[in-house]
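Structures are listed in the sections that come next.
Both complexes shown next keep chain A, but they swap its partner, so chain B is in the first and chain C is in the second.
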Partner chain A sequence: MSTAAFIFIAIFTLSGALAAACLRKLIHAAFCLVVAFLGLALFYFLLGAEFVGLVQVFVYVGAVAVLIVFTILLTRREEENTGGFNWGGAVVALAVFAGLVWTIFKTPGTAVAAPPIEALTVKRIGEALMTSYVWPLQCVGLLLTAALLGALVLVMEEKR
Partner chain B sequence: MTPTLQLCLLISAALFSIGLLAALSRKHAIFVLIGIEMMLAAANLNFVAFWRFGPEPQNPTGVMVAIFSIAIAAAEAAVGLALVIAVYRHYRTTNVRRLDQLKG
Partner chain C sequence: MTATSVDQTFVSLKGWLLSFGFISGAPEWVQAIVSSLINISALLGVFMTLFALISVLERKILGRIQNRYGPNRVGPFGLFQPVADGIKLLIKEDIVPDRADKVVHFLAPIMAAMPAILALGVIPYGRNMTAFSIDGGILFFFAVGSASELAVFMAGWGSNNKFSMLGAMRAIAQMVSYELPLIITVLPVVMIVGALSADAIVAAQAGYAQGFIPRWFVFTPWGGAAFLLFFISGLVESNRTPFDVPEGESEIVAGHMTEYSGFKYAIFFLAEYFGMFAISGLSVTLFLGGWHAPLPFLEIVPSYIWFFAKLAVLLFVFIWIRGTLPRMRVDHVMNFAWKFMMPMAFTCIVAAAAWHYQRQSVLRWVWSLGILLVVYLALSRFLRTGKNLSTRTYRFAE
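And now, the complex of A and B:
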């Protein structure tokens, strides 16, 4: 884990995210979002959480990005201007960022380096999921089913 | 020289602020959802960073929370995008500034 790689991936991720937030064309923003999420997955790999990185690639880059692209396709209107930008939001975001940075620098004990650890294998994650996290796992399954049904009901054709 | 927890937290704060910028300042509903996804991803990065730099990295608690959080974010994205499609069917627009029927 070197700082240079970290900074490089940070610039990659943050420029992707900034482009996704500021580009005029929705479809370009969606692809920049994919870039940002790939950079985030690289962060997880660097931090030693390979499984989370893989899940990030599968779920965000694989599923959520395709879902966003399909929604853009279904709600497309050429004449509609998507470029509107409200500068009040930018001021609020900058203020929040300044507050967060101030808090991070004020907090003691954050300048620590990572302690060496044994690799977090998928076997250990699976064991933890099947023992101490079995109830949250079931709840997430229920939630995903409910969300799927809810999304289907929302987009079903209405009877006229 | 190795990166510190501070660097991770700064990156995550920057990602959160960019997400907030997208959610607050764009007019298109899909941009708002993209911003919310970015903010959730920033929170996930914080969970993993605190797990990695914390005193007990043998417990995979932070990783577990991040995995559950990704699953919930996926559910949220599915329902949110379905809502965008339903709103588009009703009002023929996805501009959140024009969806002001509940305004008093």
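And now, the complex of A and C:
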């Protein structure tokens, strides 16, 4: 059951990602990227990481995808780019892929049995965020505040 | 038949359906799929009926408000109007613009209906009656709900029409803005209960203070304020008046639905109403005690009846507001979101924290109410709401 689900989700995710890389119209590619995001969330569900999966949908489908789509809408004027195979992109993709494969093979014990997963509680997530991960949390908070202020400043400049 | 068995009728019915030999003898995953299918069909059956009912009731109530009859030709009291509407929409011509992005144009209504239907799954409709009971239920609700913005964009882009695109931009702008207060007002409830599961939130609202006041969160200062904010944000998220600028027909025809006709249009309509059901259902779950009875001696009445009674009241308020309030201007909608809803939503969190840490019953009311009142008064004092009342200047018009 789990293997069948894995294969199905893998095909789903990879076809979404492939379509996102190959489609001519940028907006179609963006929508296909959403399919790939959803596939990743399904992987998290399959691994029992419900919270991470939901946050993946929430952040990537709800926010990042809308951001991408709006960026395309507000910046593109011409219909589609001039075809031709993007060699630079292919080289970068291959390099990233090789790096990932190398890391996976270097990592010992990918076959270690997963520790038993405790039931998800908000309390546990909250405690983890407020104790062991308090510094990363604060840094993210600072970054987001800066981004918010930056956005406001940009808008005010335009108004003048 | 005892009260409990009436209360659990539908749960037992499902158990009985699953106990048939060819299902109970089947492998576990077949049983799981059959069980989900029963849940899905029950959910769709109930809400499609409710959708048909509300479409005619809304017109009847609007008619009452506007001192006219409303639909009364088809069937008794016009109750068969939805059937006539459905047949009409089915046989209408389906027009796809020549310059439209065909695939996106086709997928948009489906993408709009899907999240609304999915979100209905996590709401507890009665004791043991949650179709899709997961630990992160509330998070699931908002995660799938966030996909509806993409659907609106797909509709606007795919139609290749300036009114569609403008409507979609407006819709997304206000949905993104009001999603923040919508989610932040849920946080106090999650904080107090300590769980993201809808069942746990309903369970936390069981019982009665002094023997007759239900322990619903709406009867606490932070809960009452959060409920109001949540309801207003819900109005915006479901694009209802007074926040229906995305489909303001006097300005941009029908917004992102301009280029849709026939059944595709009907599906957008369905998505809007299902979204309304989902938001109302969630506010019943979060603040109005879910399926709990309002008074102890009324607990004989089955739990699902209470849930749908509360849902009906909220839906009536939706229609009532639509019949009473005029549409807001776009910039006012956005100002309201960022300058009033957001600070008040954050204040609800602080007020809930004060409520949580102050154990003494009078002091917790004083603290919680005090925090809310101070921020509310400060906002109303310093926002200078009257400053924009001078003549408005337009960039592209005289």
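Methods note: the second predicted complex is superposed on the first by the 107 of 160 C-alpha atoms of A that agree within 3 Å, B and C clash if a C-alpha of one lies under 4 Å from a C-alpha of the other, contacts with A are read in each partner's own complex, and residues count from 1 in each chain.
Simple rule for what comes next: contacts are C-beta pairs under 8 Å (C-beta built on N, C-alpha and C of every residue); 3 or more make two chains touch, one makes a residue touch a chain.
Keep in mind that what you see is a predicted model, and the values were worked out from it rather than measured.
K.L.:
In the superposed arrangement, which partner chain does A:L73 touch: chain B (first), chain C (second), both, or neither?
P.N.:
In the superposed model, A:L73 contacts chain C only, not chain B.
K.L.:
For A:L42, decide between first (touching chain B), second (touching chain C), both and neither.
P.N.:
Neither: A:L42 stays clear of chain B and chain C.
K.L.:
With both complexes overlaid on chain A, does A:I27 touch chain B (first), chain C (second), both or neither?
P.N.:
After superposing on A, A:I27 lies in contact with chain C but is clear of chain B.
K.L.:
When the two structures are laid over each other on chain A, which of chain B and chain C touches more residues of chain A?
P.N.:
Result: the larger residue contact count on chain A belongs to B.
K.L.:
Quick check on the superposed pair: does A:V61 touch chain B, chain C, both, or neither? Answer first, second, both or neither.
P.N.:
After superposing on A, A:V61 lies in contact with chain C but is clear of chain B.
K.L.:
Who does A:F51 touch here: chain B (first), chain C (second), both, or neither?
P.N.:
Both partners, chain B and chain C.
K.L.:
Which partner chains sit in contact with A:L18 here, chain B, chain C, both or neither? Use first/second/both/neither.
P.N.:
Touch partner of A:L18: chain B, not chain C.
K.L.:
Taking the contacts chain A makes with chain B in one complex and with chain C in the other, which residues are shared?
P.N.:
Overlap of chain B and chain C footprints on chain A: residues 1, 51, 55, 63, 70, 120.
K.L.:
Inside the complex, what are the residues of chain A that reach chain C?
P.N.:
So the residues of chain A touching chain C come out as 1, 25, 27-28, 31, 34, 50-51, 54-55, 57-58, 61-63, 65-66, 69-70, 73, 119-123.
K.L.:
Within their complex, state which residues of chain B touch chain A.
P.N.:
Within the complex, chain B contacts chain A at residues 1-11, 13-28, 30-31, 33-35, 37-38, 41, 44-45, 48-49, 51-53, 55, 57-58, 60, 63-64, 66-68, 70-79, 81-86, 88-89, 92-95, 97.
K.L.:
Would you pull the chain C residues touching chain A in the complex into a rising list?
P.N.:
Touching chain A: residues 29, 101, 103-104, 134-136, 139-140, 142-147, 149-150, 153-154, 157, 172, 176, 179, 190, 194-196 of chain C.
K.L.:
Would you tell me which residues of chain A are touching chain B in their complex?
P.N.:
Residues of chain A touching chain B: 1-3, 6-7, 10, 13-14, 17-18, 20-22, 26, 29-30, 33, 36-37, 40, 43-44, 47-49, 51-52, 55-56, 59-60, 63-64, 67-68, 70-72, 74-75, 77, 80, 82, 84-90, 92-94, 96-97, 100-101, 104-105, 110-115, 117-118, 120, 124-125, 128-129, 133, 136, 140, 143-144, 147-148, 150-152, 154-155, 158.
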